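Just passing along the structure, written as structure tokens.
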Amino acid sequence: VRRAAVHRFTLPDPGDVSSLSASIANGAVDPHSIVAVIGKTHGNGLVNDYTRGYLAQSLAFLIGGTTGVPPDTVRKRVPFIFSGGVEGVLSPHYTVFTVSKCESAGPSKGLAIGVAFTPDLRPEDIGRQRQIELTADAVRQAIATAMIADVADVHFVQVKGPAFSQTDIVASLGRGATVATDNPGKLMAYGRAASALGVGKALGEIPAEKAVADAVLRDFSLYSSVASVSAGVEVGCNEVVVIGLSKDWGGDLTIGHAPMADALDLSAIHPMLRALGFSDGHQLAVGESGRIKAGFVKCEAARDGLIRNRPHTMLNDGDIDQQRHIRGAVGAIVASILGDTALFVSGGAEHQGPDGGGLVSLIVERSGEA
Amino acid sequence: VRRAAVHRFTLPDPGDVSSLSASIANGAVDPHSIVAVIGKTHGNGLVNDYTRGYLAQSLAFLIGGTTGVPPDTVRKRVPFIFSGGVEGVLSPHYTVFTVSKCESAGPSKGLAIGVAFTPDLRPEDIGRQRQIELTADAVRQAIATAMIADVADVHFVQVKGPAFSQTDIVASLGRGATVATDNPGKLMAYGRAASALGVGKALGEIPAEKAVADAVLRDFSLYSSVASVSAGVEVGCNEVVVIGLSKDWGGDLTIGHAPMADALDLSAIHPMLRALGFSDGHQLAVGESGRIKAGFVKCEAARDGLIRNRPHTMLNDGDIDQQRHIRGAVGAIVASILGDTALFVSGGAEHQGPDGGGLVSLIVERSGEA
Amino acid sequence: VRRAAVHRFTLPDPGDVSSLSASIANGAVDPHSIVAVIGKTHGNGLVNDYTRGYLAQSLAFLIGGTTGVPPDTVRKRVPFIFSGGVEGVLSPHYTVFTVSKCESAGPSKGLAIGVAFTPDLRPEDIGRQRQIELTADAVRQAIATAMIADVADVHFVQVKGPAFSQTDIVASLGRGATVATDNPGKLMAYGRAASALGVGKALGEIPAEKAVADAVLRDFSLYSSVASVSAGVEVGCNEVVVIGLSKDWGGDLTIGHAPMADALDLSAIHPMLRALGFSDGHQLAVGESGRIKAGFVKCEAARDGLIRNRPHTMLNDGDIDQQRHIRGAVGAIVASILGDTALFVSGGAEHQGPDGGGLVSLIVERSGEA
Amino acid sequence: VRRAAVHRFTLPDPGDVSSLSASIANGAVDPHSIVAVIGKTHGNGLVNDYTRGYLAQSLAFLIGGTTGVPPDTVRKRVPFIFSGGVEGVLSPHYTVFTVSKCESAGPSKGLAIGVAFTPDLRPEDIGRQRQIELTADAVRQAIATAMIADVADVHFVQVKGPAFSQTDIVASLGRGATVATDNPGKLMAYGRAASALGVGKALGEIPAEKAVADAVLRDFSLYSSVASVSAGVEVGCNEVVVIGLSKDWGGDLTIGHAPMADALDLSAIHPMLRALGFSDGHQLAVGESGRIKAGFVKCEAARDGLIRNRPHTMLNDGDIDQQRHIRGAVGAIVASILGDTALFVSGGAEHQGPDGGGLVSLIVERSGEA
């Protein structure tokens, strides 16, 4: 029987992983047991965000140095999934997932985690059927690794896929390939969308015959309620982390999730908190807030330009990208309820949660009653 | 006996005041009765935000054209107080305040409004004692105009003061004047701060001997809980709008306010809603949300770089100004509770509410029970 | 015989047209004689740039007030063509074109100007054949008005077409229309591109059979060397200003133009200056610089990501739009040669000058020898 | 006798130092011979620019891995001086300086280089006398190391000093220290300014009695014509690189420099090019352009808001930092003359070159005649 642990560290600078280093030094974290790292870095979360790659490099050298595994090999084995953009109240951090053996499972299902990687993807694969299929395959593989018996027990699937610069795209076109778009930022959206369809297909949320390239960024009625996809120039393939519950895992952690119908959908968050055993209230009390081990949010600026029938301006803004706007807004809303600002909040929720909304997922220490 | 009415209009573009124009045309708004307009426009809310001046010009021509008063005179009589920046979920809008006669006051105190103007201010006046005193004088005058008998009945004081461009500042220096800072954005902060001290002095929130230039941007223990100050290049003096309650006013509107201790201070907002007669709940139901006539929020990025002991990055950001970050965050939090995104959310809360926090004020239709 | 005059004014603020007002007051400019205004304003030049509309409103009220023509009628008669974005060394300004009668033409052709308007365009017209054809028609009409006998004498065609916000686009889609793209910023590019093809078609620079919707943003070998197109939310149709030379016009002004092969193409600028009678030198001497009446530049970030075989990063940037980058760069280059920063520099040079480059056009006082 | 070599590499991504890696692998660069690296990275060049630290980490691991020196020791020995911000046409790159032995000096003085480090600096040292003195000491030490006999032979002094985040500043204040300003971006300016005064003092450009803390950011008549100072969070002390000419060095490289009186000062650049043996012309021909080994530019937005008597808007801009504007503008001007966009262009030229201007320095292959 295995046991997953979740260690959340503050990130003063993408080059400063001293918190994890200290935890390795004092034995709190065994670097060999690290299976994934998910983090929120200081950059803009767009094509030219290098803070994701910087943190990945920092961690690869730290983990490599403390395990004897070459840094490049670390990066091939351990998904480093970072989203840039700590707008507003959000706080830069990274969450380290470890897996160890434990004596026996508890009476409840335990937190289960599995990871997988697709083969490398090229610009011409992004937003296309190949990305959908490879992602679905990787999700299935990660579920198997996590020994999650029922897809209903999957509560969060984080995918990080590649982004490409203008130079990369031009190179693809020069090879005679066609790409979904020659706009680097837009290509990130295609990649997130196709990957989300792949997750939804693997989990049965989206019928196989509808999880097709033609639906990418077109049929927004199709979505996964647990998929969270980011893109960045620092990865070459789709890295997949599946988190859920399984009777084959022990420990005192559990996880819940909820789709958000729009940016203001508090009615999604509070029932999830109740289901996870938190007492009722507008904001978690300081004591209860400490049960939170990690929080994940996906959100987007409603494509019809309206929130509750009032216009928003996020999609017309040439100064601040829409993703930065919506992350700052929805991140603050969730933080205000949890009393915790170290959340993984990611914009670009194409096919990830309901259109115009998104999703939220929380890993928490099990309470007495939940 | 007088009666104040509050008309909130969506603003598709700072040059498009067709909503008010239609209301004037159909008799819903008598343009002669307009005493103030407070609005949230599309710009960045910083020195180079011209959307505030654009809306002011649009309104001056509309009101001038429908009343026969020259537009320049309209601008001298009617405070146009606009704050730029509709980050995140916020929606551009403007709220028109009108005053008319009414037969008799009701059993409760009615919504009361008064306006006043300081003399013109120059760059060298900003952040200085002269601005503090002139603002305090104008607040007292506006309270008198509003026939508010008790300063405890003042629930919101909106001030709009001048901002100056680099060229203006250089001209002042060329005249031999000294200015508080030669940084145009920082000078806006000085102006907000000194004006807030003036409001606090007039209301007795800040002892007269402490409301001095030396305390400006220094002693953040001094603050007003009802002052909301903006600055912009489109005004030449401090324009003051005082809103409160008075037995000499009729109508079915009321107002409340609450200081916010930090950006996540939900404990300030919900009790205020209860006091205003809203039923308990995480978010106002659609029906109740309709009682909201106008909402005002002041907020700021905590100067110590921390929110609930976790670092935020707003003060280190060279891409997005701290005010844009915090407006988007706190605006979203308040909007999520009210279910209403057309809020006046203004950053730069120096001496406006507790340090690191701010304040919220709501004008609502009186409920049966409140 | 007619005479065109060119008056360039500094613009301290889009609401401050006091320079033109003073010139009208002192008789230097007859407001009835104004046929077009081209200007560079303070905004970002993207969808949410309201400084263009603000200046248009300011001028419409000034010209309306001094001529007795209603401001709305002024805007229908006089093209107000403003481009936002004074990046780097550039200086906000507006150039007023007037036409008056004169006794007789001189020995050389005189500066000639003609304006025309297309019918209003909807989101679904942008980037489509209808926009190409209507623009070509308007250009022909403006050439006729300008009495320019030979299209080789056309040296500058400025077009300002409509931009649409997300709300407008959603409304079009709701009517069942299809639009070239649902991205507001990208739709501006489609509009510039189709309009440029229309100019090229009217002038014979692009064969009629190639000036088709399929070529828009696709076949970049097609371009006009004199077309400069901007888009903005403040106009509803394509407004066209044609400037060239004609024996039917008098006065001492002349005009030249040159295509720029890339952003660093000094070899285009210097020969044009020589042809206009400026003496050789790296930078115009202060005395000669005074001969410049107006300068127009179109430029773009090379789509292949390279300038002289070195990568640029403009197309990957999520913080600063590519147009802001390239305007600041090419504007500075041209300003450094002319010793003049009050230039109309506009980004987004799709089909306007060679791919990856752009064009420059100068109106100057005729020298003794040119 | 020593010989300095200069290797300039393109930087596709701050984590991609494969060009240098390949040169080490093929023997073109001996990693033990590297004495300094100066580079231009993808970030914004402000406090939250992590691309500088990312490149530093990448290089430290590469050089450490190929020399056997621990990466942290590499960083203590080799100044890594990176400036963020490749606005407009600029191209990310890094220039590696190596020193090797050579048989004999040539008939001309050879390119000489020396490096030195101050002790670590804290927030309270920035902009203060301690920073001035320590920098002056380090410059003298680097000159000695470089065996430059005459300060007139110093043509470029690059300094990289520490920047501090809000958290760092708050920590200093918490220790009871006073800091020059609590604004992180402004503190970078103080650091650049004090360091430049230190350089000027060491070189005799600024009298010792005037190189005092009171003059920092106040007396802009004081400046060094060869000092170029950057600040960044990735360094802890002032790192100093002095480049000049010395009879004790061989090789075929030389260096020149020129102060720029304002942003458009072409009259500074062209004479420097002539002195370095380039033929006259508006732009270097492709053949001659190849002689350029590295170019360094310092520039700033004129504090009086004017360039050649026309207003610029850089200091009023809340969307794009003034440094990004001016780097894009002056970088483009210099690039257009050199036909080379891989230039080190750095904003914030406080006391570095004439007020409102800056400086340019070029390392080139000696021509036959120079």
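Should a chain be cited, it is by its letter among A, B, C and D, assigned in written order, with residues numbered from 1 in that chain.
Simple rule for what comes next: a residue touches a chain if its C-beta (ideal position, glycine included) is under 8 Å from a C-beta of that chain, and two chains touch if they have at least 3 such contacts.
Predicted model, so just to flag it, every value in this text is computed and none were measured.
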Worksheet entry | Longest centre-to-centre distance from chain B, chain (CA-based) | D
Worksheet entry | Pair with more cross-chain C-beta pairs in contact, given A-B and A-D | A-B
Worksheet item: Quick one: chain A and chain D, Cα centre-to-centre, how many Å?
Response: 40
Response to the item:
Chain-centre distance (mean CA atoms) for chain A and chain C, in whole Å, is 46
Worksheet item: Which chain D residues sit where two or more other chains touch them?
Response: 12, 42, 44, 48, 165, 167, 311, 313, 319
Response to the item:
Seen from chain A, its contact residues with chain C in the complex are 44-49, 165-167, 170, 182-186, 303-305, 311, 313, 315-319, 321
Worksheet entry | Contact footprint of chain B on chain C as seen in their complex | 12-15, 42-43, 48, 50-51, 53-54, 57-58, 61, 165, 167, 233-234, 319
Worksheet item: Which residues of chain B touch chain A in the complex?
Response: 10, 12, 42, 44, 86-92, 263-264, 266-267, 270, 282-283, 307-308, 310-314, 319-320, 324-326, 328-333, 335-337, 339-342
